[in-house]
Amino acid sequence: MSLEQGLTRPRFRLPATLRNPMAVVGASIILLWILVAAVISHIWPVDPLAQNFDRLLPPGAAHWFGTDQLGRDVLSRTLAGSQTSLPLSLLLVVCAMILGGSLGAIAGYFGKAIDETIMRIADLVFAFPTIILAMVIAAALGPSLTNAVIAMLIVSWPSYARVMRSLVIGARGSEYVIAGRLMGSGAFTSLWRDILPNVLAPLLVLATLDVGTAILLLSGLSFLGLGAVPPTPDWGAMVSDGVQQFSSWWIAVFPGLAILSVVLAFNFLGDAWRDSLDPRTADAVQGRAI
Amino acid sequence: MTNETPAGDGAEEILAVNDITVTYRRPGRSLLTAVDGVSLSLRRSEVLGLVGESGCGKSTTARAVCGLEPLTSGSVLFNGEPVSPLSMKRRPKHLLGIQMVFQNPYASLNPRRRIGSQIEDGLGLNRQRDAWNVNELLEKVGLHPSDRDKYPHQFSGGQRQRIAIARAIGTGPDLLIGDEPIASLDASLQQRVAALMRDLAIQAGSGLLFISHDLAIVRTIADRVAVMNRGIIEEEGPVDTVWRHPTSAYARRLLAAIPVADGLGKLPGLPTRRQN
Amino acid sequence: MAGINASAAPATVSPGLSIRGLRLEIRNGKSIKTILKGIDVEVPAGRITGLAGESGSGKTMTAMAVCGLLPDGSVTSGDAIFEGQNLLDLSPRRMNALRGRKISMIFQDPTASLHPMISIGGQLTDHMRHHMKYGKAEAHHRAVELLTMVEVPRPEEALRKFPHQFSGGQLQRIAIAIALACNPSVLLADEPTTALDVTVQAGVLRLLRRLCDDLGIAILLVTHDLGVMSALADTIAVMRNGEVVETGNRFQVITSPKHPYTKALIDALPTHEAIMVDDDDE
Amino acid sequence: SSGSSSNTNTGSSSSVVVDSSFDLKTADPAREFETTGAIVAHALYESLLTFNGDDVTKPVDGLASYKISDDAKVVTLTMKAGHTFSDGTPVTVDDAVFSLERVQGIKGNPSFLLDGVKVAKVDDHTLTLTSAHANPALPFILPNGALGIVNSKVVKANGGTTDANDKAEAFLNKTSAGSGPYQLESYDVASQVVFTANTKYTGSEKPGHGRVVLRNVAGPTQKLNIQAGDSQVALDLNPDQAKEVQGGDLKTISGASPYMIFLLMNQNQAVNKFTSNQDFMTAVRRGIDYGKIVSLAGTGAVQPGGVIPSLFVGALKSDPSNSFDATAAKASLAKSGYSGEEIPLNFPNDITVQGLELQSIAASVQAQLKTIGINVKLAPQPVATELDAYRGGKESIGLWYWGPDYPDPADYLVFTPGQLVGLRAGWAANASPSITALANKAQAATGNDARQAAYEDLQRAMNKTGPFIPLLQPAKNVVTAGTISSVSLNPVWTIDLAGIK
Amino acid sequence: MPESSNSGGQARPAKATARGHHPLARYLATRLGLSVLLVFGVTLVTFVLTNLVPADPVQAALGEQAAADPQIVAQFRKQAGLDQPLPVQYVNYLGRLLTGNLGTSNQTRLPVSQEIAKAFPATAELALVAILISIVIGVALGLWAALRRRRAADHVIRAVSLVGLSIPTFWLALLMYYIFFFKLRIFPGSGRLSPTAIAPPHVTGLYTVDSLLAGQLDNFADALSHLILPALVLALYTVGLLTRFSRSSVLDVLNQDFVKAAKAKGLPARVVVTRYVLRGALVPIITIVGLAFGSLLSGTVLVEKVFAWHGIGEYAFTAATKLDLPAVMGVGLVVGIVYIGINFLVDVLYGVIDPRVRIQ
């Protein structure tokens, strides 16, 4: 039985995640958006910044998604929005994962005072109202997407740290880690070679599930005037423009659908990925904080 | 196979455990003395069995010997030098001669690394550079050299345990500790793996501390046996003596409780009732 | 292949359980996995029938099939005759009425098979009250009786406690009490002592023997420990790869195994010479 | 009692709901200086002088009648009989003197209104306001809600003083002590202010409704509320929203507001070497398509000719210096030596002026300047943070608005060199002697015609070489339900709640 | 989440040298101590944070012309204690906190405590209803999905819960307001009460509770009808969240042996699910409920804006953007304390639900 398993496992590993129809849908949507961000939005004939059209035109033959309050083409802005929203949310998630992950790993591995210090700071960040923290940071640094990302980074690393810490604590007592240390590997080797590869997957799944949340949070900050700086096309900022012009529903709906599609896509993928993890690690992911 | 010539009295003593005590601070401040004044000694090419019920402190003793558990009192000398507790720093060179094979075959190998490279880690420690190579070791434990490029999940529990043994032997240890290395294996495998471990340890001239709750198996591979109960050693001596003429009441009960596969339907002896 | 005391198994209504030609497949999507390939085992009343075999041979699945607790996607065929009806054909409703009432089960790990957040009393009485329509006081009375029978100290107090307050051996006794609560005719014990120490195991084995003898229950004992088998089982069936490779009475199977796999199993056992122990506790 | 709030009768027992975006801080007139505060103060307190409807070119009698001396230094106010506070006591000279001195003494936001003015009681009917310099604007200042007259006995009894130790604010946030058409029923600085008619009110504008609820509601919600009949007046719809509600029985009253949105170009070389360059400034001035910006702001918005809004004396109708000419702009730009360097445009992004976001205007300006070759980078901040840079004169290009403190051109002299706003544009006192001279002349002018001419000259000169580019005077859009027959708007207090009929 | 101790198996202490008498009390005392420590930390964070803001609070607080007057500025600085060195300011701040004084708002000159006392119950009421809705719907959906794992219902529920997690709240809020208030007239307009209604006498600040206490049934109905729509909007996100978590924690429990054992006892499915499965899944669910409730308390600003709710979220937002530092500090502190309090409550609930925490 084990032999058979052994032969088939490596070839089936990725498809196992992707066999789920929801995961296929998710992956295709993400691929599509990457294509849009990298290619299509650059060669799109209509300038997303040009204020050359009649204002607030409803969707029609000339402007499929209509025009906004400054007479810009909503379709080209939605496409161009992928260039800011996608990379920034990915950046945010990756940074939060690296920062939170490293701190969590250090806390979990070394324990004692280091653990206490790092985790109490994380608790504090948790206890402090996220939006206030983000707003104060954004207000202090000035609104810009980069600063919004920094603000969100500061408030979002602790959930990664918590997950990572509990994973590392679980793993550091593992017999293969102890065996490694008995063979003389130092703390760094032990963390890097023995622990990290075994706890990375749940962290990555958590990150996948977080990409959507990141886009939403950034758009929320944009809505509050603390995120994207005009005229940069950004989905969140566009949706918040649409709130001002609520009757011109197309201003908000199309970027909103874009956000929805990306969030759904990443969640579908993350879900499928998590389901394909073994139950014990999946456990840790589901115990994540918000 | 039982009771080969006991290691000569002249062989050098590699491990001396002198009256060690290990206490755990449990959540809620109550202290628990898991090991309470245990003394053991072990020579080269000797197999010492440590048996006892679950929770009696066998693993804790083993961990203390490796320096994984800080001692409350007593000392552990390895090759005459004290074993210092394993801190977050790299383990001191002279202690690399102590290696351990763990209970859980599913957890004792890094699931993300090929077994070949994990065995190589062990070989890197060996003072005699060319004492072994990976292929030899694999063959020694009954695996095929081509298995070196596989990952642990591609092996069964018994196979993994043999890989773990190969890795430990590869380091050329002076002291090999098996903490219930066979407990989670299939009945049909237990005996084979235990015997393999003994053979390899003796062949390499190491001492073997073999921990198990199964006295029946320990009896087949150990030279001497120590019976542990609630943190203390109840009885220690040559395995035949303990097996046939146990002196402590506890050892007797333990022996009596082992069901014998003789087909006679004889129920094992009852333990005395204990209050928790 | 049913080569056991034929006299004990009348053709029509036997007080025990009779498994014939049990096949089990598990379908997961498009893949079909055959787990059991036609199992025949007789579990007569008042006797302990042992089911041995290596890990993954399908011992647990056999017991689960009888209880109707198979995982999703399971398809069974064959018979599991109990009181004249085929358990495999029963509606989930009727099966549920039998489970815990006429057919009970004990699981391998007592710590895992009891709900950590529900008191012993709660777990011991809820199915009694459901099946037997006992009132509160009646159920309590019976619970105390049961705990006394399985020798759990201070039963009244124990009923108010929670699983984590007991040792593994005590928990297994409690699990047995739960299984016996409704006076079942068949008891399926899946590795009931594997998680226990030898000393504790000895007590549980005795308990099982006594219950079988005193109450005339049919017990199916699943275990891979031939020592336990030899101590307890009256007849032994050895499984491998979803098939029963050998069936016979205890002494036969252990002292003169026929099938090579059984032989290998027995050869692997450490030899036991006579143990000189004064049974001072008996 | 609960239930629907829509009202069909406008009898004095009915109630009306007014939706507004709050910037409320206090209900104490001597401390308020915000839009919402002015609405509240005007409803609760009468002032010595007032305006008739939305005509702010001529102060009219309020609690008093006035005479101003020829040198414009002394204003003599004669109290009119018959006005009573809500507790029934008559309004006296002492109340007037106390109220004005209290505004001066507690150094709240509006205290500057009476800077350098000495208040003196002459007799039981008369008081004088004396300034050291000519102060022809004073009669235009007095109608300000902040200078509403409070019941001095009540306020004193509740901690009121005329110095910084004043403690009456907490009391005035609970209970009004005025003679206005309404009394305070409840006050919640965040959510709503409820007014009930003052039964002792003797003034001219009788309250149209017995109860007014002034609610804090965001613009988009205001629009849905008024459409649904949940409110009767919506004050903060932006032009697009106002346009959308047209049709049906809702009425939209659109007109120019007194706000003026402008660009400032910093004259300080150290801040930015281009914005201080005359040719560059001209390029910006000619490169902006004013028509397009005005169209953003919808019906009723206009392009002001100079810094003074169209409603006031001294307003300039239009000025060719501020007109769109891309070729001229490009030519000037070529002369300026500018070659595509990025120039930051700072503006507060959490501010709307009459529902219009400064952000849209900034984006529009940026796009327009881009077509003539100026590379502007938008740099928004919340107003609280951005104010620092603005007040410190550190912005290269700034986009701000000015709301009148009082409806008089003198309020706009702050835009001249060395003055408050002038300095914010890095326009030092000695930067342009000719403009300074024109400013002095305008300040000294008396009589409407002379003032009009002097202020027009000043603005033309500023439009040629000054650092300010007046962009837009947005429209005020007030939407009312069909049940409302009339409302009375005014640039100083936005809306007279008593005038909702 | 509670830290699970590493010592596995049945612990039979060889020698217990010390014995705990009241494990639950000690557990709670530890949690409480930790909470107090955290509160202290929050005060430090609020203080440090507000001092990191580069903008000058004086400029933000004073009017245009007043801020230009150095005398007024100096007086303001003195009054606000801004002329003292930072550590002194912090100590003063702590001292004031101990007397319940959160300072005075720069903007309104009202005591921050008084303003928060008004804004907080509004949000608390909203968040409470939202979390109740989320618990009922989210747990039910999650349970249903788990029991129907990999079947159509499971897929539909998961997809719907993801949609709930993906829609920008502020936009959804306006949309819901448009549909249910403007188009369908099912729910009343914005605000906490109809504009003509008079708020019930202040007891808890929760209008529904206060109106009931005062016996004002019409006010209660009014307050409740205003509450439902914004609460539903808020709940949509938490429903999605709770559905996902309930599903996975129920799935975990379903795999446990004790569920199989309960089924083997022949208990009806309903009993197995409610008594055995749900109870086992409760601890992780409660953790998430706690976290979600905490985030609802401070994260409602977007919904509050649309529904003219004027709760703590909007207050925090205004305070932060207006650089009303005493208000920022106050609101940060209060929300932080409430959050810590909720976590403490969650810890207490663990103790109630899980005897392993309660009894050693």
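By written order: A, B, C, D and E. Residues from 1 in each chain.
Definition applied: a residue touches a chain if its C-beta (ideal position, glycine included) is under 8 Å from a C-beta of that chain, and two chains touch if they have at least 3 such contacts.
Values in this document were obtained by computation on a predicted structure and should not be read as measured data.
Engineer: Along touching chains only, what is the step distance from chain C to chain D?
Structural biologist: Each step joins two touching chains, and the minimum needed here is 2.
Engineer: Average the CA atoms of each chain to get its centre, and name the chain whose centre is farthest from that of chain A.
Structural biologist: C
Engineer: Pick the pair with more C-beta contacts: A-B or B-C?
Structural biologist: By number of C-beta pairs in contact, B-C is the larger.
Engineer: Give me the ID of the chain with the smallest distance between its Cα centroid and the all-protein Cα centroid.
Structural biologist: Of the chains present, the most centrally placed is E.
Engineer: In angstrom, rounded to a whole number, how far apart do the mean CA points of chain A and chain D lie?
Structural biologist: Computed from C-alpha means, the inter-chain centre distance equals 45 Å.
Engineer: Could you tell me the distance, in whole angstrom, between the mean C-alpha positions of chain D and chain E?
Structural biologist: Using C-alpha averages as centres, the distance is 40 Å.
Engineer: Measuring from the mean C-alpha position of chain B to the mean C-alpha position of chain D, what distance in angstrom results?
Structural biologist: Result: the chain centres lie 87 Å from each other.
Engineer: Let me have the rounded angstrom distance from the C-alpha centre of chain A over to the C-alpha centre of chain E, please.
Structural biologist: That pair's centroid distance is 23 Å.
Engineer: When you check chain C against every other chain, which residues touch at least two of them?
Structural biologist: 167-168
Engineer: Among the residues of chain A, which ones contact at least 2 other chains?
Structural biologist: Those would be 1, 139-140, 225, 243, 246.
Engineer: Check each residue of chain D and list the ones that touch at least two other chains.
Structural biologist: 220, 224, 350, 382, 384-385
Engineer: Given the complex with chain C, which residues does chain B contribute to the contact?
Structural biologist: Against chain C, the touching part of chain B is residues 2, 53-54, 186-192, 213-217, 219-220, 243-246, 249, 252-273, 275-276.
Engineer: Touching residues of chain A toward chain E in the complex: what are they?
Structural biologist: The touching residues are 22, 120, 123-124, 126-133, 135-136, 139-140, 166, 173, 212-213, 216, 219-220, 223-225, 236, 239-240, 242-243, 246, 252, 256, 259-260, 263-264, 267-268, 271, 279, 282-283, 286-287, 289-290.
Engineer: Which of the residues in chain C end up touching chain E in this complex?
Structural biologist: 67, 69, 72, 96-101, 104-105, 107, 109, 111-119, 126-127, 130-131, 161-162, 164-165, 167-168, 175, 178
Engineer: Can you list the residues on chain E that touch chain D in the complex?
Structural biologist: 53-56, 59-60, 62-69, 72, 75, 107-110, 115, 118-119, 174, 177-178, 181-182, 185, 188-199, 218-219, 221-222, 305-308, 310, 314-315, 318, 321-323
Engineer: Which of the residues in chain E end up touching chain A in this complex?
Structural biologist: Interface residues on the chain E side: 1, 6, 37-38, 41-42, 45-46, 49-50, 52-55, 155, 158-159, 162-163, 165-171, 174, 178, 241, 244-245, 248-249, 252, 255, 284, 287-288, 291-292, 295, 297-299, 301-302, 306, 313, 316-317, 320-321, 323, 328, 331-332, 335-336, 339-340, 343.
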